[in-house]
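Letters A, B, C and D name the chains as they come in the text, with residue numbers starting at 1 for each one.
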Amino acid sequence: MNRRIILLLAVLLLAALPLLNLLPVSNPLHVSDFLVSIIGKWICYAILALALDLAWGYAGILSLGHGAFFALGGYAIGMHLMRLIGPRGAYGHPTLPDFMVFLGYRQLPWFWLGFDWFAFAFAMALIVPGLLALVVGYLAFRSRITGVYLSIITQALTYALMLAFFRNDMGFGGNNGFTDFKELLGMPLANSGTRAILFYASLVSLVLVFLVCARLSVTKYGRVLTAIRDAESRVRFLGYDVTHHKLFVFVLSAMIAGLAGALYVPQVGIINPGEFSPANSIEAVVWVAFGGRGTLVGAVLGAFSVNAIKTWLTSVAPDLWLIVLGCLFIAVPLLLPKGLVGLIRRRKEKP
Amino acid sequence: MLTATNIDLSYGASRCLRGVSLSVGPGQVAAVLGRNGVGKSSLLRSIMGLERIQGGSIIWEGKEVRGLGPAERARAGIGYVPQGREIFPFLTVQENLETALAAAPRGSNVPAEVFDLFPILRQFLRRRGGDLSGGQQQQLAIARALTARPRLLILDEPTEGIQPNVIKDIARVIRHLAKDRNFAVVLVEQYFEFARDLADTITVMVRGEVALAGKTQELDEAEVRKLLTV
Amino acid sequence: MFDLALPKLLKAAGRGGILLLGLLLLMAPARAQDFDALVPGLAGTFGEQAEAVERLGSLADPRALPLLQAMSDARLLKLADGSVAIQQGATVPEGASLVRINNRVRVALRGALGRLQLVSPDPAQRLSAADAILRNRSAEDIPILETALARESRPEIRERLELALGGARLASTDAAAKRAGVATLGASSSPEARNLLLAARAANPELSGAIDTAVIAIDKKLQFRQAAETFFQGLSLGSVLLLAALGLAVTFGVMGVINMAHGEFVMLGAYTTVVVQEFCRGIPALQPWSLPLAIPAAFLVTAAIGAAMERGLIRHLYGRPLETLLLTFGVGMVLQQVVRLVFGAQNREVISPAWMMGTMTLPGGVSITQNRAWIILFAIAVLLATLAAIRLTRFGLEMRAVVQNRRIAATMGIRTGRVDAMTFAFGSGIAGLAGVALSQIDNVSPNLGTGYIIDSFMVVVFGGVGSLMGTLIGAFTLGLVNKLLEPYAGVVLAKVLLLVGIMMFIQRRPKGLFALKGRAADQ
Amino acid sequence: MNEPQDLAALPHAVSTKGLYLDGVSVVFDGFRALNSLSLIVEPGELRAVIGPNGAGKTTMMDCITGKTRPGSGIVRFGDRDLTRMDEASIANLGIGRKFQKPTVFDALTVFENLELALKAPRGPIACLRWVLSGEARSRIEKTMLEIGLTVRAGDLAGLLSHGQRQWLEIGMLLMQDPQLLLVDEPVAGMTDHETEQTAALLVGIAGERSVVVVEHDLEFVKALNSKVTVLHEGSVLSEGSISHVQNDPRVVEVYLGR
């Protein structure tokens, strides 16, 4: 009960931020635009961390490709946002985004069709990562590629996608990606009201995803995943088709990551191939590890705390951030194998 | 002189050795007998340092070796012939023997007397250990332990799954090492006659404990057999 | 100061070419006098100039070259006595004046210079002359090209000359000469010859059959050359992958440790090369040896860091591969950032020694860059050295024993912890060697290693964990397949296809190409 | 009682409702782990399999449960060819296996371990929608009573003693409601008292189901009071009652006190 109250309070506190932003600057409780937008970003990261924790913490699938699912979700929404710019682009072309005019496209490529419709784009933000996870997961799990092998394969996949999206002829804006977005669902993105709505959309998504994951983890399915994580072959001898079970959670997790990306892009106003960088995926892993894997709270806590350190450090001593992050990677497995949550629990048990 | 006293060993919640003691001096053969799974191999592994014991002491040549790892015990003069031979399957016979030169000075060779004891190995020097027959592997395992020039040799069921003529060879070698070379030998066996013919002392274990121990001549053979067979 | 005595000047210019002069004189005994008679014409009227230039140009007398060159550069002086000399320095001496030319003379000069340069002692000049003639082929050039070809020994110049000759013959009006031209071009293997032939096809319907045959012959040779060059590029990529993957095959294959910092070790090897080079720059005697010195230096630096990492960090995580992966990734990040802070984020330049620069041309026109050829050799040498270290040394024996049965190896007195550290150091050291090689063909930057690490893992997984033979075959297979796919699929798609291919392959053979079989492998 | 020689002569199309192995060979890198092994276990039969180390006992289990594909030979259960099925399908056919090293799920409670093993639809969706019915609960509780772990129902399996883990694993086998149980060294590391209890438990299970027990401990095998098969170098050396086997000179030669 106690834990639930703390979580509820935390959510309420977050929910209050955009409202406090509306207060006059002179008010001591005023919260800056910067803080609202950055917390909005962290909420998306926390959703990504939940996705990763579901796959890694519960089912033992250490995916180094979740950054790619996140980015794919972001690109899907980005395509929608690009379509909405319409003739307001620098070249003023009625249908083609600027980069296509620049690259000499005559008409919209087939895979851009339908993205002018928000529901379609939003569905794609979930379906495309899900489909990719389905194909990769099927190939990998069927041949019992597990552990580090799976990690390496997913990382290679991410890397290949990054190279692909860097190319101009892929039709996704190449190096520069998408930016200069104007509006979403008729609301101008520059408007602080829109930002508040996006913030709440993210917060609601975070709570929902958290509840879904928490619910899932207490079903028998959640216990099957735990069993697979700890003794995969034993589960097979109990008659469970491990491939199906892993595939199910992997696809679900990829879709959640896609959702996180879809919420992220309108808030930051840009998406480019850098999001596919393998380092991003593995950074998400460290959020989960730092917070405490296999505990959903830990994933959220890790995403918030590591990103808080990152934000602070990149403003104070930007050169040191990567070193600190590297040291986190080193220190967590050695000193904090159960993460922050493990540390807190141990504190509680000791006295 | 090896003196192991009151050794306790458990894996998690299951205790496999309960206050087991054993001692053997130079020129002596101590046999440890018992049915499958009574903890004989665990006792040898504890002496070699492959198991971390929870209680008791192991004194070798006057020094407590309980805290040392297997490599340091090997360097202190304890040679080990594991159950199931465990030769290195992808190394040649020559290389298998040379692994035991780890503590020897640079440029040392396999002692010639190893080949005198097991002449058959000389023919197979370039063959992979995994390609030898079971009996040849057993001879290789003993030869390998001897290459490190130990003063104590511990053998874990050296006759298991071996054809009778090789068993005779092995018995001859063990007797030679103890009587002519003054080795201390600890021998774990299920094969009663083999142990009785070689051993100066016999320890019979049942369920992790010593059920019977004493000089070979003084033990009641029928009683020992009763503890061994079903 | 300038030299007024033309004979002296000519002597100096011609001394190197006496033999050649003799040869030319033999062929055309009258020409020596012609030369002397023609020279004053250079200072005459524009008409006289043009004629003298054309005739000097067809004389193939090497003495004419500097004169005509000077004339073209507006450095030819007309002296008071009516003779000519080349201006030395910036001033025009008393009584002399610069020879002026018009466009007609200029055109004549261009052709004549081209023809004359063909017999120049400087190969670069001969090559550019051949190119010049090739550009405006005319039948008049046939004899001089034939002469030049007869005495040309350099294959790359011969190739251009043959091309020019073929073109010139095609431009002739004589049917037999044309036929010979088609044959000459057909024997070449350049795309230019193919274009010349195709261009001539419409104008010469009577030759179309011969031209078609010649074009097909060229196409075949071009295909072969392209295949050979693709093969070489594949070998080159394969050797780079081999270098990067060999160290991994040791740490991952032998010890089962995923070292995500392996790419950073490669990068450190490259930076060690930079540092050694900079150190040697100050000591002239050492300068040519900087690359050979970098090899042991890079090995030692990365091996030391590898050993420290194994003893200090990885050792605590044996049996927890996922945690090891995270930890080593962190080490990689730290190393990368530290290098970025120390050396800066921009690329560092490594100067390849002269013997590694340039291209060599193999028979059939296949050209290979020297540095890549060296890297292929280096990769094979490193592979052999690695094999030797594992097969023949005490350390190698202990390493193999520990891999096959750690517990029993310890009972033989082998200090397994020390072997682990040395094995890791060894694998890391090989990564350093890869860095030395990569510094010669790639930009040395803090993220040098990231581009190779994923491919290297693929090589090890594909080849079979724990098998150096598998690593060798895997590296070259991946290199070749990558380069074979690239022309059809593009760089990125080739990578994606390769990745999918490997995943399909693992479906069939989960343990890679060269899996250790049987019970011992499962232990 | 069939002697092994007679077995080999049987036509291959023989149909038995139980387990049927004939001419099964497995070769690892030149080493013959199984050498034309033949074995029939009737429905409801309790069978002990003994043999020295390396006789092929574990490899035999691997072949039956789909972990290893035999190089040649027939492995059937009823009318199903087991060599063509994967581990999960074989398990769903009604063949349960207890490993030598007890592998229970440490991060789950005793109750959850049993619930996971309980025969029920195995797909992800089915597991998500799974609701513990009263009937299922009473089955689990009955089994916990049988294996003596009722008081530990809510404890994590990781906290159990060695013997309790062995029993939990046997309990998990029972929850699968198998027709055939393969039990590998169930009493390793157990006290005398625990061993007796285990023997009684297994004897109780047999009758409704076939049970194959692989064990070293001859005293335990005696307590099972069942037909015994002795394996040696990958094939059947002797088969029959415990006294028959004990008096077989070949068995005495390779296995008992020489």
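Everything that follows uses one rule, which is that contacts are C-beta pairs under 8 Å (C-beta built on N, C-alpha and C of every residue); 3 or more make two chains touch, one makes a residue touch a chain.
For clarity, every value in this text was computed on a predicted model and none was experimentally measured.
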{"item": "Path length in the contact graph (chain A to chain D, fewest steps)", "value": "1"}
{"item": "Nearest-to-centre chain - CA centroid comparison", "value": "A"}
{"item": "Higher-contact pair (C-beta pairs counted), B-D versus A-C", "value": "A-C"}
{"item": "Distance between the centres, which are taken as Cα means, of chain D and chain C, whole angstrom", "value": "67"}
{"item": "Chain centre separation (chain B, chain D; CA means) in Å", "value": "34"}
{"item": "Intercentroid distance (Cα basis), chain C paired with chain A, Å", "value": "45"}
{"item": "Distance between the centres, which are taken as Cα means, of chain B and chain A, whole angstrom", "value": "59"}
{"item": "Numbers and ranges of chain B residues touching at least 2 other chains", "value": "130"}
{"item": "Touching two or more other chains - residue numbers and ranges from chain A", "value": "none"}
{"item": "Multi-partner residues of chain C (each touching 2 or more other chains)", "value": "518, 520"}
{"item": "Sites on chain B touched by chain C in the complex", "value": "48-50, 69-71, 73-75, 80, 82, 86, 88-91, 95, 98-100, 102-103, 106, 130, 144, 148"}
{"item": "Contact set on chain D toward chain A in their complex", "value": "65, 67, 86-89, 91-92, 96-97, 99, 103, 105-108, 112, 115-117, 122-125, 127-130, 172, 176"}
{"item": "Interfacial residue positions of chain C with respect to chain B in the complex", "value": "394, 397-398, 400-401, 404-405, 407-416, 516, 518, 520"}
{"item": "Sites on chain D touched by chain B in the complex", "value": "29-30, 52-54, 160-164, 188-192, 216-219, 222, 246, 256-258"}
{"item": "Complex interface listing, chain C residues touching chain A", "value": "258, 313, 316-317, 320-327, 329-338, 340-341, 450, 454, 457-458, 461, 490-493, 495-496, 499, 503-504, 506-507, 510"}
